[in-house]
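I've put the structures underneath this note.
Consider the two complexes below, in which chain A is the common component and chain B and chain C are the respective partners.
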Partner chain A sequence: MENKKVMGKLVSYLLNIVLVFIVVLPLLFSITSSFRPHEDIFKYISPITWKTFIPTDITFSAYKDIFTESGFGRIFFNTFFVGIVTVALGLLVNSMAAFAFSVFSFRGKKIVFFIVLLTFMVPFEVIAVPLYKVVSSLGFIDSYSALIIPVVANGLVIFLYKQFFDDLPLSIFESARMDGASWWRIYYGIVLPLSKPVTITAGLLIFVGQWESFLWPLLATHSDQYRVIQVAMSTFSQEHATIWNQLFAASNLTIVVPAILLLFLQKYFVNGIANTGVKE
Partner chain B sequence: MKGKFFLMLVGIVSLVLIATGCESNGGSAHSGKVTLTILAEADSADSLKAVAKGYEEKHPNVTVKVQSYPFADLFKQQQVVLNAHDPSADILYIDGPTLPDFASKGWIEPLDNYIDDSVKKEWSKSMADEVTIQGKLYAAPMNSSSQVLFYNKEILKKNGIEPPENDVNKRWTWEKLVNNAKKVKGKSNGQKVWGFAFEQANRAYQLIPLAQSLGATKLVSDDGLKSSGYTNSKEMIKAGQFMNDLYNTWKITPKISADQTNDYFSSGKLAFIEGGSWDAVDFKKAGVNFGIAPVPYFSGGKPVTPTGSWTLGVSKYSKNKSESAKLIKYMSTGEGAKKWFDLEGNLPATTHLLEQIQKDPKYKKLPYSASSLAAYEDQHDSMLRPKTPGYITWESEVDKAFENIMDGTDPKKALDESVKQMDNELEKYKN
Partner chain C sequence: MISSKWTPYLFLLPAIVGLGIFSIYPAFQAFFSSLYSFSFVNQTNQFVGLQNYISEFTDPVFWNSVKVTLLFNVVINPLQIVLAFGLAILLNKRVKGIGFFRSIHFIPISVSLPIASVLFMIILNPDEGLVNSVLTSLGFHAQPFLHSSHQALWVIVGIATWKGVGYWAVFLLAGLQEVPSALYEAAALDGANKWTEFIKITFPLMKRSLTFVAVADTVANFLLFAPMYIMTDGGPNNSTDVLMYETIKNAYVNSNMGSADALIVMLIIIILIIIGVESKLLKPKH
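Our next item is the complex of A and B:
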C-alpha cells in the first residue's frame, strides 16, 4: 500500500514537473534570447540542447537599445500615465454609476443596466469605426485624452461594483439617511471605505486593460510622444525583419509590471471577485 | 451637496462642448496654405519625410505631415480612417497588390486627371502595370522588388558543391538546385545545416513565380472575381508538389516560419536561400561569406521573378486631392524618386534608376550587386501578383494552402480547398 502511495505521488510530481516545463520553457527562451546578440537567437534552436536555454554570450544591448534607440523610457511613462489616470477616473465614475444602479430606483433602470452589460460584451472591433469618428470629431485624436476618456466608463467595473453594493445591508443606508447624511456622503463616507477589495480588483482590471490595450491606441494616436507599450512592441516586427532580441527584452519588461502588481494585490483580487459573487 | 454634483455635471458637459468646438481641419484651401498628411509605415516614415522636405522647399505653401504606424497594422489603421471618411488623411502608403481592394471600395481617387501619360512612362513597365486597375491609374509606385538566390560559400565548399554563377545566361534550374542542396550534410556549432529555403516561406509573393515559371499566366480571372480554375491550375498544383517535396520527400528545407529564415542563413545553418535583394546588406552585416545568383527556373519552363511593392494613393475623402497628386508625382519620379532611392536603397520603380543601377560601378560588387541583378530581373523576368479586390483573402488562403502543403497535405487537395474559400469571399465583390 505504502509503495503504491509513493508511486502515485511520484507520478503526480513527474507529471507536474513536465507541465511546469511546458509552461516555463517558452518564457525561459524569451528571457534567454533577450540577453543574446541578435545574430545568436536562432543559432542554437535545433536540435534543442542546454545552449538553447542558457545564453553563452551574454549581452545587455537589447535592454539598452530599447531605451536609447526605441525610446522606451517615454513609452513606459505614457503607459503608466494613461493607466493610472484611467484607474483614478474609472474608479470614481464607475463606482458612482454602480451606486446609482444599486441604491436608487428610477424608470428604465433595468434597460439602462442591460445596456451597460452589453457594452463589455461587444467586441471592440465592432465599435472601432464609430468610436474613431466620435473621438476624431471631439478633436482628441493623437492626445492623452483619446487614450483615456473613451476607456473611463467600463461596463464590467460597473457590474462588479453593483454586485458588491447589492450585498451591503440596506439598514446601513437607512440609518445613515435617518441621521441626516446626504447620498453623496453615504457614497464617499460609508460605501467606498467598505469597498476596498472590489476597488482593488476593479483598479487592476482597468490598469491591466490599459496596459494590454493595442488596437485603440494604434488607431487613436500616431506621434511618438503618445506611443504606448503594445503599439511600440509591434514596431519591432518590420516588413522584412523582426528585431527579435529587442522584442524579447521589451516583452519581458512588459510582463514584469502586471505580474508584480498581481503578486502584491492577489489576495485582494481573489477576495474582490469572490465577494461580488456571494449572495446572502 | 446636490448643487456640487450638478456643478460637476455642467462642468463635464461644457468641457465636451468646448472640445467639439475646437475641431480642427487638416488643410484649408482658402488661405493658400495646405497641409498634406501621409499615413505611412514606420520603417519608411523618415525617408518619406526627407523626400517631402525637398517638395516643401519648392512649394512654401505646402506642409507635409507623415504619420507612421507599425508595418503589420498600417492597413488596419487606414481601414478605420477611411471607413470613418476622415478628411484629415490625404495620402496613403499602400502595398501594390491591395490597390484593387482600395479602388473597389472607393477609398482612393483615380489619378488620370492629375497625372498624365508622360509621368507614367517614367515608371518601369511592371510597376506602371501594378498601379493601373481596369484601365485607370490609382496610385504612384514608390518601389519595386525582386529576388535573388543567395548561397553560403563556406557551406558549399565544405560539401563540394560548385557554386552557381551570377550570370543570367547560366541560370540554374530548380532541378539542379535541389540536386546540389541534397548534398549538404553535417553540422555547424552542433546545429543541423539545411540545404535550401525560401525567405518568405509559404508566402504567395515568393511561391507563385514557381507556377508562373511552369507556364501559369493567370492566377485569377480577368475581372479578379474568380479563382477556381486559376489558383488551383495544374501549374499551381505542380508548384505545390515541388514545395511538398522540398519539405517532406527530399527534406532539404527546414519547416520554419518566414520571420526565421534569414536568421537561419545569417547564422550559417542554411546553404541556399532565395531572398529579397535587400537582404544582401543584412547578410553582409551579419558577417556571412555569401555569393549571389539569379533565381532558378524549372527546366522546360521560363525564368520568372516576383515584383511589386509600395505605392502612394490619394484618399477619396481628402480635401486637397490635386495638391496631393502633385506631391506623389514629385515623390515617385525624377528628383524625388532619386532621393527616395538614395535613402531607402530599395529597388526603384523608375526605368531610369533601374538602368542606372545596372551601369553604376558601385553596383558591381557585393552586397550592392544584388540590386543590380534584381534590377535586371525586374525589367526582364518579373510577373505581378494577381489583381483582385479580394487580394488579402486570396493571399491568406494561398499562404494557408502552402502551409498545409508544408505539413504534408496533398497539393491538389490543399489548393482546391483554398479556392473554395476564396470564391466565397470574392462573391462579395460582385455587383
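Our next item is the complex of A and C:
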C-alpha cells in the first residue's frame, strides 16, 4: 500500500516534468531571443549547444524600445481596462441568464436556449460586417463602449454557468423561498457565493477572449488612444518585421501578463464547494 | 423546476437584449446575405435563392474542404478532450509543488493562436528552424513539417493542442474540485482500485463539465482558421484547407460574402449534428 502511493507520486511528478518541457521549450526560444542583440538571433540555432537556449550578451534594449518607442504602456492599460470591465459585466449578465435557465420552467425556454447555443457557433468573422453597422448606428465606434458592450452577453458563458447551476439541488431554493427570500436575494446571496470555481473559469474565458480579440478592435476603433494588444502586435509586426528581438519581446509581454494573472488564479482551484455539503 | 410568471424573463433580459442586438440580428443578416449575390453589372446585391449553396456543392474545392475539416476534427477533438481530462486529473492531485506545475501548464492559455502560429513557424522552419536542428544533431532526418501535404495538418493539430489542452483542462479541473472527496474515501474503504473509482465516481460526476468542454472545444476547432491563415494558406496542395479557412478567404480575400455566408451556414449545420451526438453520449443518467 505504502509502496503503491510512493509510485503514484513518482509517476505524477514524472508526467508533470515531461509536460513542463513540452510547454516551456517552444517559449524558451522566444524568451532567449528577446534578450539577445538583434544580430545574434539566428546565430546559435545550428549546431545545438547550450548557447541555443541561453543568451550570452544579455540586453534589455528590446523591451525598453517597445515601451518608449511604440507606446506599449497605454496599450496594456487599454487591454486590461477593456478586459476587466467586460469580465465584471459579463459574469453578472450571463450568470443571471443561466440562473433563469437552470431554476425555472417557462414558456419558450427550449427554443431560447437553443438560440443562445447558436450564438457561439456563429464565428465572429462572419457577423463582423453587419455588427459594425449596428454598433455604428448606436454611435459606439471608436470608444471603449465599442470594445466592451457587444461582447458582454456571451452564449458560451451562459452555457458554462448553466452546466454548473443544473447540479444545484432545487430544495435549497424552495426552502429559501419559504423563508421569504426574494429571487434576487437567492441568486445573489446563495447561488453566486456557491459558484466560485465556475465564476473563476468564466472570468478567465471572458478575459482571454478579450485579450485575444483582434478583428473587432481593428474594425471598431481607429485612434491610438483605444488601441489594444493584438492590434498593436499586428501593426508592430508589419512595421518591425525584421527587428526580431523586439518582435519576440512584444509577444513575450502579451504572454507574460495573463500568465501572471493565472498564477494568482490557480490558487482558487483548491477550494471548491465539494466539501460544503450543498451539492448532492 | 419552479414556475414563476415574470422572474425568469427578468433574469434573462440583459443577456437576451445583448445577444439579440449584437449576435442574433447580425447573424440573421449574414444568413440572408447567403441568399444574395453581388452583381458587378448592376452594382447591387441580387436575390439568387440557393444558388450560393448549389455552386458550392458542385465545386471540388468545397468537398475537399469538407473532407479536411472532418478529418481534422475527428482527430483533434477526442485528442484534446482526453488529454485535457488527463491533465486536469494530474493537476487535481494534492502533491507538493502542484501550484508550480499548474502555473506552468496553464501558460499556453495566454499565448494567443496567432502568436503561437508565428512562434512555431519559426521553430519548425525546415532550413534554419530549431526542431530540425535538434533532429539532425540527434542523427534523424530533417523534416519538411508545414511544407509537406502529409505533415502540415498534423503539425497544426499539434500546435492547436499545445495551446488548447491547458485551457480546456481549467474547466475540467474546476469540475473535479466539486467531486466530494468523501466519495473517494468511501470507495477506498471498499477497496476499489483507481480504475473503478474513475468509472464509478469521477466520470459520471464529470459529465456536465465534459459536455461543456466537448461542445465548446468542438465549436472552437471547427471554427479554427488562424494557423492555416498565418502558416499554410490552406496548403500545401489544399491539405489544410478547412471550411472555415475557405469562408474567411471568400469573405475577405475574394469579397464574395454571399458564398462565405453559405459556407458558414453549412458549417454550423455540421457542428450542430456533431455536438448533438456528443451531448447524447455524455447525457447524465438520473
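By definition in this document, the second predicted complex is superposed on the first by the 224 of 280 C-alpha atoms of A that agree within 3 Å, B and C clash if a C-alpha of one lies under 4 Å from a C-alpha of the other, contacts with A are read in each partner's own complex, and residues count from 1 in each chain.
Simple rule for what comes next: a residue touches a chain if its C-beta (ideal position, glycine included) is under 8 Å from a C-beta of that chain, and two chains touch if they have at least 3 such contacts.
These figures come from a predicted structure and were not determined experimentally.
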Query = Touching A:G71, do we find chain B (first), chain C (second), both, or neither?
reply = neither
Request  = Name the contact category of A:E239: first (chain B only), second (chain C only), both, or neither.
outcome  = first
Inquiry  = According to the stated criteria, A:L219 is in contact with first (chain B), second (chain C), both, or neither; which is it?
reply    = first
Query = Counting only touches as set out at the top, which of chain B and chain C does A:D40 meet: first, second, both, neither?
reply = first
Inquiry  = In the overlaid three-chain picture, which partner chain does A:V112 touch, first (chain B) or second (chain C), both, or neither?
reply    = second
Ask   = When the two structures are laid over each other on chain A, which of chain B and chain C touches more residues of chain A?
value = C
Message = Contact-wise, after the overlay, does A:N94 reach chain B, chain C, both or neither (first, second, both, neither)?
response = second
Inquiry  = Quick one: is A:G209 in contact with chain B, with chain C, with both, or with neither? Answer first, second, both or neither.
reply    = neither
Request  = Considering only touches as defined above, state whether A:V129 meets chain B (first), chain C (second), both or neither.
outcome  = both
Task = Please indicate which partner A:S137 is in contact with in the superposed arrangement: first for chain B, second for chain C, both, or neither.
result = first
Query = Of all the chain A residues, which ones make contact with chain B and with chain C?
reply = 42, 45-47, 129-130, 183, 234, 237
Query = In the complex of these two chains, what residues of chain A are touching chain C?
reply = 9, 12-13, 15-16, 19-20, 22-24, 26-27, 29-30, 42, 45-48, 52, 92-94, 96-97, 99-101, 103-106, 109, 112, 115-123, 125-127, 129-131, 134-135, 149-153, 155-156, 158-160, 163-164, 166-167, 170, 173-174, 183, 187, 197-198, 200-201, 204, 208, 211-212, 214, 230, 233-234, 237, 251, 254-259, 261-263, 266-267, 269-275, 279
For the chain B and chain A complex, residues of the former touching the latter = 1-2, 4-5, 16, 19-20, 22-24, 41-43, 67-73, 76-77, 80-81, 83-84, 86, 88, 189-192, 254, 259-260, 262-264, 266-267, 269, 276, 278-279, 282, 286-287
Chain C to chain A touching residues, read off their complex = 1-4, 7-9, 11-12, 14-19, 21-27, 29-30, 87, 90, 93-95, 99, 101-115, 118-120, 122-123, 128-130, 133-134, 136-137, 162, 166-167, 170-171, 173-174, 177-182, 208-209, 211-212, 215-216, 219, 223, 225, 244, 247-248, 251-252, 257, 260-261, 264, 268, 271-272
Inquiry  = Quick check on the complex: what are the chain A residues that touch chain B?
reply    = 39-47, 49, 51, 128-130, 132-133, 136-141, 145, 182-185, 215, 218-219, 222-223, 231, 234-235, 237-242, 244
